[in-house]
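Chain lettering (A, B, C and D) follows the sequence in which the chains are written, and residue indices restart at 1 in each chain.
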Amino acid sequence: MERFLPTAQFQRLINLLRRDGYDCVGPRVRDGAIVYGPLERVEELPVGWHDEQRPGHYRLARGSGRRFFDWANGPEALKPLTFASREVLWTVVRDGQGSLRFCEEVPEVRPTAVIGVRACDIAAMHLQDQHFGYREYQDPYYNRRRRALFLVAVDCARPASTCFCHSTGDGPAAHAGFDIALTELDDGFIARARSERGRDLLAELPTTEVTPDHHAAAGAQHDAAVAAQTRRLAGRNLKASLFAHLDHPEWDAVAGRCLSCGNCTAVCPTCFCHSVGDTTELDGRRSTHHRQWDSCFSAGHSYMHSFVVRDQTVLRYRQWLTHKLGTWHDQYGRSGCVGCGRCLTWCPVGIDMVETANRICGGDGDAQP
Amino acid sequence: MRSHSLAQTQPNAYLPHEAEVVKFVQESKTIYTLYLRFTDPLVHANYMYDPGQFNMLYLHGVGEVPISIVSDPEHEDLLIHTINRVGRVTRGLAAVSEGQRLGVRGPYGRGWPLREAEGQDVVIVSGGLGCAPVVSVINYMIRRRERFGRFTIVQKVKHVDEFIWPERYERWQQVPDTTVLVAATQGAENWRWQVSPRIKVMEEVKVHTERTIAMICGPEGFMASAAEHLIGQGVPAASIYMSTERNMQCAVGHCGHCQFGPTFICKEGPVYAYPRIKPLLNIRGF
Amino acid sequence: MAASRDIAIRVPVLARVEGEGGLEIDIHDGRIRDLKLRIFEPPRFFEKLVEGRDHTEVPDLVARICGICPVAYQMSAVHALEGIFGIDPGPWVRAMRRVFYCGEWLESHNLHIHLLAAPDYFGYASVLELAGEYPEEVRRGLRLQRLGNDILRLFGGRSVHPVGARVGGFHHAPGMEQVAQLRAELRDALPLAEALVQWTASLALPHHSQEFVSVALRHGQEYPFNEGRLVASDGLDIPIDAYEEHFTEEHLAHSTALHGRYHGSPYLVGPLARVNLNWDRLPAQVRGNAERAGVVFPSDNMFHSIIARAIEVHFALVEALRVLDDYALPDRPYVEAIPRAGVGFGCTEAPRGMLWQRWETDGEGRIRAARIVPPTSQNQPRMEEDLRLSLEALGLEHSDDSLRLRAEMVIRNYDPCISCATHFLKLQTRRS
Amino acid sequence: MIPTAARPTLAIHKFSSCDGCQLALLNLGEGLLDLARMVDIRHFVEAGPMDEEASVDIALVEGCISTAEEAERIRRVRANSRYLIAIGACATSGGVQALRNLHDAGAWTADIYAHPQYIDVLANATSLADRVRVDCELYGCPVNGHQVLAAVRSLLSGVTPLNDRDKLCAECKRRHNVCVMVARGLPCMGPVTATGCGVLCPTLGRDCYGCYGPAENVNSAALGRQLEAEGMSKEARAGRFLFIHSNAPEFASGGSSGED
């Protein structure tokens, strides 16, 4: 189902979602970046804002345009909405007799509609669905949040210089995994519904037919977005190539620059590593068992009582890249990179993961785009 | 002996069950054994596991650690864990008293290939203090001695002090068709076993290579060289199994810490057939 | 009792004061022959440490002079630097700095009243014992103290060495919701502060009047925090940059803190000095409540300091509420500083009294020199003088123990902060 | 480690410092009263109990060693304590006082004090661990009171306290802050500084200045190069590292790559 939603009617989409009980969340300008925040009115969206991104650098500037989504992804993907950066898993109380009572702490979640999700982030979420929804052990915390989401995607019209989703096959247009997807044009949106509830919602909106002109404009916009992406990984599956070059000098070179700070893994929409811990009240009765995002760039990630398996940055960087672009293929049937470019932009020293990977793989990457 | 994991039948795999320490045995200066029973009789009755699987043990207010189950699922009612005191949680557990409550969840992972081993000659090799899990395998097989071929039990320690269960090895020597080879890098007075540098003791292992299965436990370098020795003698690589270890926080394949190349040890391991992990076994950083 | 006995009272370490100090009293022939308040905190060379550092680092660096009143150090310094750079941060920043300061007073004063001073008046060694008998009073104090910490956290992230202040204003403006929540809590606490004033006035405080000169800031309309002229109870009324013409500091062998003198004599700074000099600047509701407690200010009883402190707790709540009731988000919580060379002065009212600073920068805004005069070193001669007078008034014939107890009580009454006191000055070569 | 049966004893000692770490404890409010219920506080001058020579199970020590007297006293404290926890920047690296190690303190004394002969200071202000064995170090200027309580709780549970030396960035991202370095070009020390503070600075929109000391496995040279690339002078870059923890080995190089 495909309809045209004029800009003037855009607010209706939010109104209907709110009527149906959803909290709306959308991109907002906060502290110099575009990040998700509560959304009630479409004017709260980053209308007219543009971003400038390159490795280690992000700046926002306001232009004169009237578009809502004329910018590329900010630092946060959908990940924080499904995989909480820190959360309590259970609590336990020890009573006077020494008995332990374990109590599950599954989060209260409200139905949440996210407006303006990009294709790369949806692809990443599907990877995390596979990970946390692993057949034998469902993750109730992730799942509950995940199932509360209603996704309104937006095709990417203005990729950043760091974006390369086209080469990973994940963007710039959204193809699946959303309830409604929008292609923003000058006077409105082409809206496509993919789910039952998406179709119902779209049917209620005051839309018009999509005209051939609309299609033409959308097509041209898409082609331009693809053409704007000059960065690409040397291949879709670099596993063999990376493992064939485990002692490439580039590993040391990149480790000399890498801060081992883990920002890349934190912003990466597919990274799932987390650590657990216990916080106990001083009197020792009650304790909470929680988890928080961890990173293969931390010592704790590979700590084993008497030693750290990856005690040097070079080993940590190699772990990250060989996993992300290599062994993910074994685990999830594809690479762990969706081309969002965040790990380039948000690396404080601007390490370019794509360039690094390509250098290490040399000409060995499989050639398909 | 189909394993029917408790964690699979309950909705939240992260949530431990209360268990009571029924017995505490100090095995050596740093090694001790906990005998546990779930306080909920229903949970206890329904809890099933394979030898070589592991549990997450939770010490109140301190944390959780993965520990192999060393009891025999068919012969022992209590859950038995033999633990080396190395860090925070294992130190804390070393101080528990009988009657104290812990949290337990599991079982997780894949254990030793005991079914595959039936009818085969079995070589069991352990290095250093990593021997607890193999002791339970040996006990398991000795209880069912008739199902297996020739036994060879190899234990290598650096220092004689690391050899903590001499009486067990002496007892196993008496078992029919069983060879026990123990060697220390550094000997001492009264040391009645061998003294040999490195892993030379493996050369004495005599097996019918075409129907041998090997199970190895110890530091990674040790396991790799033991495996190569066996391969050198003609044992097929695919018949060699080894137990791996990595930091583990969730045990259900979510936290990402136990990655070993393409695998998560908590899901596919800790016991692997050698070829599966060989490519990364001796590469620093994996 | 033999008036001629020789007594040596040694209190090697004073309990319940911030930092470490000791006391030595020698009594000979019924007279105090020697009395030394020893401050032996090792010097920490702060004025030297700041030399050559960028002005942007100053607020973070001077905070470390004192964990109890970091805001005061930050505020005096930023005012001095803003003076040099010719910046006026505007009304929002000025108002919020007052609230920030309210936080520090609430935190510090309640800490002193409940944890340090009050046990004296009930014969306990610590608040931990006091809490056994007076759980409600102690809990009230802890709650008021926590409110102070909450204010500090709102602006600075944490209450010790907060990180929110900068030359030109604040790094961050608190959100509307946070402010609304804080306001509600402050309002709920008003009755607690009123009760606190009554409670301190009901304590069995010694009655002893002394003659002393009070020194504090005084502002045209407000009770003083961060602005005003320096005034004294003897009529002095000068701009803060004239401080060095009237006040001097001395280095004595028994103390790593310098001794401050006003026209060569001891003087008092702190809550009692402030209330004495600025009674008319307190809001009517604060004065009314204090009057109901039956104490009259100005007071010449040094032990009324604890009541003055409680009155300032009440004031801080009222003042924070007054400012925050009109809270609005600013466009930006600071103005940009364009450094230039010069000399500037800052004087603000730390919980323990007036904190005077002089800063000098080069053209890039790097620090050339600094002079910091913390309240405790200003009060040190006054404390020694008070000790002599108080012990003689009590009667030197009392047992060593009761003399020692009274002496400790006298010292604690000043809430001396010994860590602060050791930041000594860089002696001014220009002084004659 | 500490047995849980009897109520363990605790002492809080002070060396050269600003008292801020002790205050972080005094500011715990009810938490402090809870602490007094769980342990027997034998020595805590600021709060009242005084018995400097008491033998205790746990000693919390604030401040650095900057005089001969302190060097001697820390030895006694060590001898009297089963488990010694260094709290705060001063105790763990020397703190701001250690900035004077970069200069000639003797000359300073002469320069500053009218009577330098009254002043007795060691040439260098150092951490406790430079003088005695320390069982646990809690960085932070000041320490976070809850960190201290968690350490005491661990000891009460019979286990060693945890010491998280992950980089601040990890926690910054968990808090969903926008990176001030990437989005605003501020000289943030987060990538080399340990967590523990709660990410105060970036949360308030400013750059971290490293008061929790070096994280594990830091690359100060790489951060230093980045600061210079963003326009900082060599001097200012060095100042970023030589601040609250100037004496911590990872910061002592001033973030220089060794070429300058």
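By our rule, a contact is a pair of C-beta atoms (placed from the backbone, for glycine too) under 8 Å apart; a residue touches a chain by one contact, two chains touch by 3 or more.
Not measured: the values here are computed from a predicted model.
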{"item": "Chain whose mean Cα position lies farthest from chain D", "value": "B"}
{"item": "Centre distance in Å when chain A and chain B are each reduced to the mean of their C-alpha atoms", "value": "40"}
{"item": "Rounded Å distance, chain A centre to chain D centre (Cα mean)", "value": "37"}
{"item": "Distance from the mean Cα position of chain C to that of chain B, given in whole angstrom", "value": "65"}
{"item": "Centre distance in Å when chain A and chain C are each reduced to the mean of their C-alpha atoms", "value": "51"}
{"item": "For chain B, residues contacting two or more additional chains", "value": "60-62, 87"}
{"item": "Overlap residues in chain C, where contacts from two or more other chains coincide", "value": "none"}
{"item": "Residues of chain A whose C-beta touches two or more other chains", "value": "277, 280, 284, 294, 300, 312, 316"}
{"item": "Arrangement of touching chains [line / ring / star / complete / other]", "value": "other"}
{"item": "Touching residues on chain D, where the partner in the complex is chain B", "value": "1, 153-154, 157-160, 162"}
{"item": "Complex contacts: residues of chain A adjacent to chain B", "value": "89-90, 92, 94, 98-102, 104, 106, 131-132, 134, 136-140, 243, 246, 272-278, 280, 284, 287, 289, 291, 294, 296, 300-306, 309-310, 312, 314-316, 318-319, 323, 327, 330-331"}
{"item": "Contact set on chain D toward chain C in their complex", "value": "14, 16-24, 26-27, 29-30, 33, 36, 41, 44-50, 52, 66-67, 70, 95-97, 99-100, 103, 105, 108-109, 111-115, 118-119, 121, 141-142, 144, 197-198, 200-201, 203-206, 209, 211, 236, 239, 243-244"}
{"item": "Contact set on chain B toward chain A in their complex", "value": "5, 7-8, 11-18, 39, 58, 60-64, 86-87, 90, 99-103, 245-247, 249-250, 252-257, 259, 261-264, 279, 283-286"}
{"item": "Complex contact set, residues of chain B against chain D", "value": "59-62, 87-89, 91-92, 95"}
